[in-house]
Amino acid sequence: MKEISYIEAISEALKEEMERDKDVFILGEDVGFYGGAFKVTEGFYERFGEWRVLDTPLSESGFTGAAIGSALMGMRPVVEMQFADFISCAFDQIVNVAAKNYYRWGGATPIVIRAPYGGNIHGGPYHSQCPEAWFFHCPGLKIVAPSMPYDAKGLLKAAIRDDNPVICLEHKYLYRRIKENIPEDDFIVPIGKADIKREGRDITIITYGAMVHTALEAAKLLEGKEIDIEVLDLRTLLPLDKEAIFSSVKKTNKAMILHEATKTGGIGAEISSLISEEVFDHLDGPIIRIAAPDTPVPYSPPMEEFFIPNASDVIKAAERLAAY
Amino acid sequence: MAEISKDVMMELYYWLKLTRTIEDRVTILYRQGKIQGGAWTSHGMEAISVGYSLALEKDDIICPYFRDMGAFLVRRITPKRIFSQYLGRKTGVTGGKDGNVHAGDINLGIIGFPSHLADNYPVATGVALAFKMRGEKRVVAACTGDGGTSRGDFHEALNFASVRKLPVVFFCNNNQYAYSTPLRFQMAIKDVSQRAIAYNIPSETVDGNDILAVYSAAKRTYQRAREGEGPSFIECKTMRMHGHSEHDAAKYVPKEILEEWKKKDPVINYEKYLIEKKVVTSEKLAEIDKKIKSEVEEAVEFSEKSPYPEGKDTLEGVYKI
Amino acid sequence: MKEISYIEAISEALKEEMERDKDVFILGEDVGFYGGAFKVTEGFYERFGEWRVLDTPLSESGFTGAAIGSALMGMRPVVEMQFADFISCAFDQIVNVAAKNYYRWGGATPIVIRAPYGGNIHGGPYHSQCPEAWFFHCPGLKIVAPSMPYDAKGLLKAAIRDDNPVICLEHKYLYRRIKENIPEDDFIVPIGKADIKREGRDITIITYGAMVHTALEAAKLLEGKEIDIEVLDLRTLLPLDKEAIFSSVKKTNKAMILHEATKTGGIGAEISSLISEEVFDHLDGPIIRIAAPDTPVPYSPPMEEFFIPNASDVIKAAERLAAY
Amino acid sequence: MAEISKDVMMELYYWLKLTRTIEDRVTILYRQGKIQGGAWTSHGMEAISVGYSLALEKDDIICPYFRDMGAFLVRRITPKRIFSQYLGRKTGVTGGKDGNVHAGDINLGIIGFPSHLADNYPVATGVALAFKMRGEKRVVAACTGDGGTSRGDFHEALNFASVRKLPVVFFCNNNQYAYSTPLRFQMAIKDVSQRAIAYNIPSETVDGNDILAVYSAAKRTYQRAREGEGPSFIECKTMRMHGHSEHDAAKYVPKEILEEWKKKDPVINYEKYLIEKKVVTSEKLAEIDKKIKSEVEEAVEFSEKSPYPEGKDTLEGVYKI
């Protein structure tokens, strides 16, 4: 075991996969000599050369399309979006080409798209977005969004080895803030499996990404109020681990969903619906969503703080739900 | 053009005529109401896709667009699979999941065309990138319409291909219209090939109705690509002789233009050329045509008798497992 | 009153608005001399000239951006996407420029984007998509999706007069199939107001677009089984008319949501969540969603038929729910 | 350049120096940890945005990009609003909703910059389209970086502008890098202006560090646009003298290049020019500089004292009601 940060976990996953499989390569803006805007690929250029750590022109659609083409030829490209916000420029290639190739004509498209997302870093409307719901409504894609270094490393490796297009959402607020002891050996975290990050009896909080930490913080504080919270970390958003969701809710009989993305049309809506469709009879109270308000992500600190859900929002909602 | 052998000339003829014959049959099936949705053909433009694809080697790759029936055939998608595709049968190229030439077959080196025009251009750069990274001497040919060259993906693809000197040849079927939109509302240049200057990509404009010209230009530029000299761009000037799709009467195209281009029919003129140059006799051609005709009729029959997929097949193949 | 088809209603709305306000203009592929792929603007070119019915190069992002720029100068552009599927190419301009201009710096952006969407016309994966959920998770946008000629006309007019970006989803299956008597005078249908298309006591079906007709068909058949269905036509998807949803559910105590878009991450998820959050205590059974399966839209008729929800799917679900 | 009056020369100087002074102060604030998130400057490139914007008439429009501080100032966004913007205050241009020069003010003819590079190019064509449709003699200036010219939106905008002969002038700040990416990985051409050939748009490359050259080219091309002759493209060659943002040490830029370009500093050289040409005395310049300095300090003080927005202000203004 060794202690490692969330961002180091991602770098290691990439490096190890590139060493394991010569078909794995990286492309994107400034990933080469510079090592990427967040330094995920620092030192890769020297180690793997300019053709496996490929600086591209500023053209998200073009280089995502290029990744797709190379994947069709058996390569294993990993695309880096400099910020997840810019993935919108590659939207068409992702939802209409990558996601539909295999279904339409059997063209397997094993691409990975890494996208640093989320707020709390004073990035403003264009460097803080949570784009997951846009891709969640697109059959053919997979989406992962780890909260911990172990998951980040294991899911990225699984994504690279997966034969389908996978979007890896890396919460950039966690990059250097979260550390964990992880095994030294090669491991993967299977795509599609959620993980209970805290066991509890009274209420299940279903969440992912940076909000896992918010949920854990709230859970700790709720101990004092004798509300025992279970924190279910989805880890994979598409496909959802329905079984894990249902079995936790069947146990606690109360469900809350927490995400940083804006509320309307967020992934929380799907989870809430699934619960009410499938385990309605087990519910002792309404399903509550906690999410950012329906606005762009504001820049100024007091506004951003207001925007991002925090532990006290969770506590208030949990108290309300506990009263049912 | 001395370097094109008679065998190749005859092979070009075969695919050209097969393309014409198949698509004419598609038109009939469409009029008979047997094809659901729409049907698009390359009538009058067949020389382009036949020419650029026959010039490839077996393990090269194509990223065609929706008027490239010829390329599908040259790369050995059988007429049976083609008609079954149009008719939505299980035996079609995509097993009913998509129609027309919205299809691909990786084993035959054909990457499926996404409707979104020019989306296949960046994809082609990625194919070429894989070749270059692995040191393979393969090339990729991609095609789009004049209309498609106005899209951002066209720009991003040509730029990237040139920066990395990738082994890709971009073809443009310039049939003077994007649906109803004439060139003057699409671009302010006279030749689409002028677009390539922005990327320092060598480009040329060829007569898209002259199959030998297309074939030669393709051969030449594939050679360049194979030798590591990077991408090329080839504009093939032609004219769309049917409507945008078979339902479209294309009243927006002045009659005189169509009449003029009718004289330049790529199939008829090539037949004449072959006979004049004594490459073949008209009797021999008639024989070939007859064989093609019966092959096509057999394929239509096969397809009409083929089963539809089942409803629940819808659920198969969203993910590769 | 006069009888008019869904597509005629749209043409009329456009023509009347262009006559009312000289700042209204249309741009897109083939909208000019040709009158548009579906002939919505037939005759407009002759009437309004090539600068108010503007054929563009094939460039969805470019002409959507151009519409935005003109709107910032006080024009009222109406963009036609030839098929809604191609809106993916303009995704970035819509979600990052149009939707955020006003919030970020006060730049009012009154653009309308018309997008013929939906299946049942044998269009296959690229001419049949329902893109609403992609834009539903984007604060700053409005989305309307009428089911009837009256609504189609009134909502398009309201959209043109609205000071915000509005996406008008026109279900192309309805274009020539649905007719209705509508008033001859100028009218609008307010954005944000749902409409009860059939009153009932037992179950509320919340739906929109072509599925309204499917719901009505099922409701009729369910009469025989003594299940009395209320059909709530959302008409506007963003912002949702929550009050109308809640008040209908409070009355029937049972809710079904029906849409043609694929299930996971569809708009139905949001509606289901809102109901369970806000009127949970009024529910006598699970909230059921009926939607297309999570696949691209297949081309072949038996598959497409399987894909699109139909009356018998609705009837089966209603019977199940009625038993609660 | 005889046609540029002394008054204009002095006005150019004022805005140039104000831009430099403000941004140097931004750098300090950033290092002091007073600016949250990132801070980007146009150090070494100030002549471009000052030049192209001062050449406009009052009711023209700009679509700037994020290194166009000079344009914001020329169009009368006050230093107080600027610093308040950087500091996330209610008194900032966007009231705290966005930072840096991610801002606009329609009353001053400034369209807000969306981070997504080149997104403002199509928007500019729409502005120009509105002018043309209404028969107004106004023009719009849009700017992006060399990096931004690789994006599809660049292509779609230039193409449309040229087809419809719209009154727009596209500027490119070619500072030789897109973040860390040198030109050779961005494009295979020597001059960005070569891109414009693809659209039949007249283009030229000017010295982006020579404010009079930028100003003259802008004036000339605005004139063309106003006379209905359509768009132009102007590449301004320069060098980014700071890191991509203030946190970036830019080790990827060879020192020699920076040293060479240091000699071409657009502010210092313009001061020298004005004195040499006897447009102004150095005493007079010192006086101006002093005024600027105190104006800037006053603005900083104002901004630091300005209130933050309240959390719940987040909810305001998503829709125009």
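By written order: A, B, C and D. Residues from 1 in each chain.
Basically, a residue touches a chain if its C-beta (ideal position, glycine included) is under 8 Å from a C-beta of that chain, and two chains touch if they have at least 3 such contacts.
Values in this document were obtained by computation on a predicted structure and should not be read as measured data.
Undergrad: Using the touch definition from the top, how many steps at minimum link chain B to chain C?
TA: Steps on the shortest route: 1.
Undergrad: So which chain is the furthest away from chain A, centre to centre on CA atoms?
TA: B
Undergrad: Taking each chain's centre as its mean C-alpha position, how far apart are chain A and chain B in Å?
TA: Taking the average C-alpha coordinate of chain A and of chain B, the gap between them is 41 Å.
Undergrad: So the centre of each chain is just the mean of its C-alpha atoms; given that, what is the distance between chain A and chain C in Å?
TA: About 30 Å separates the centre of chain A from that of chain C.
Undergrad: Centre to centre, by mean C-alpha position, how many angstrom separate chain A and chain D?
TA: About 36 Å separates the centre of chain A from that of chain D.
Undergrad: Multi-chain contacts in chain D: which residues touch at least two other chains?
TA: Counting only residues that touch two or more other chains, chain D contributes 94, 97-98, 102, 114-116, 150-153, 155-156, 159, 163, 185-187, 318.
Undergrad: Which residues belonging to chain A are in contact with no fewer than two other chains?
TA: Correct list: 56-57, 59, 61-62, 85, 88-89, 92, 96, 100, 103-104, 125-126, 139-140, 294-296.
Undergrad: Which residues of chain D touch chain A in their complex?
TA: 36-38, 88-89, 92, 94-100, 102, 114-117, 147-148, 150-152, 178-181, 185-187, 252, 308-315, 318
Undergrad: Under the definition above, what is the set of chain D residues touching chain C in their complex?
TA: Within the complex, chain D touches chain C at residues 61, 63, 93-94, 97-98, 102-106, 111-112, 114-116, 119, 121-133, 140, 152-153, 155-157, 159-160, 163-164, 317-321.
Undergrad: Hey, which residues of chain B end up touching chain D in the complex?
TA: Chain B residues touching chain D: 150-156, 159, 162-163, 184-189, 194-201.
Undergrad: Using the touch definition from the top, list the residues of chain C that touch chain B in their complex.
TA: 29-30, 32-34, 37, 55-62, 82, 85-86, 88-89, 121-127, 293-296, 298-303, 305-307
Undergrad: So in the complex, which bits of chain A are touching chain C?
TA: 85, 88-89, 91-92, 95-96, 99-100, 103-104, 125-126, 133-134, 136-140, 238, 240, 261-262, 264-270, 272-273, 275-278, 280-281, 285-289, 294-296
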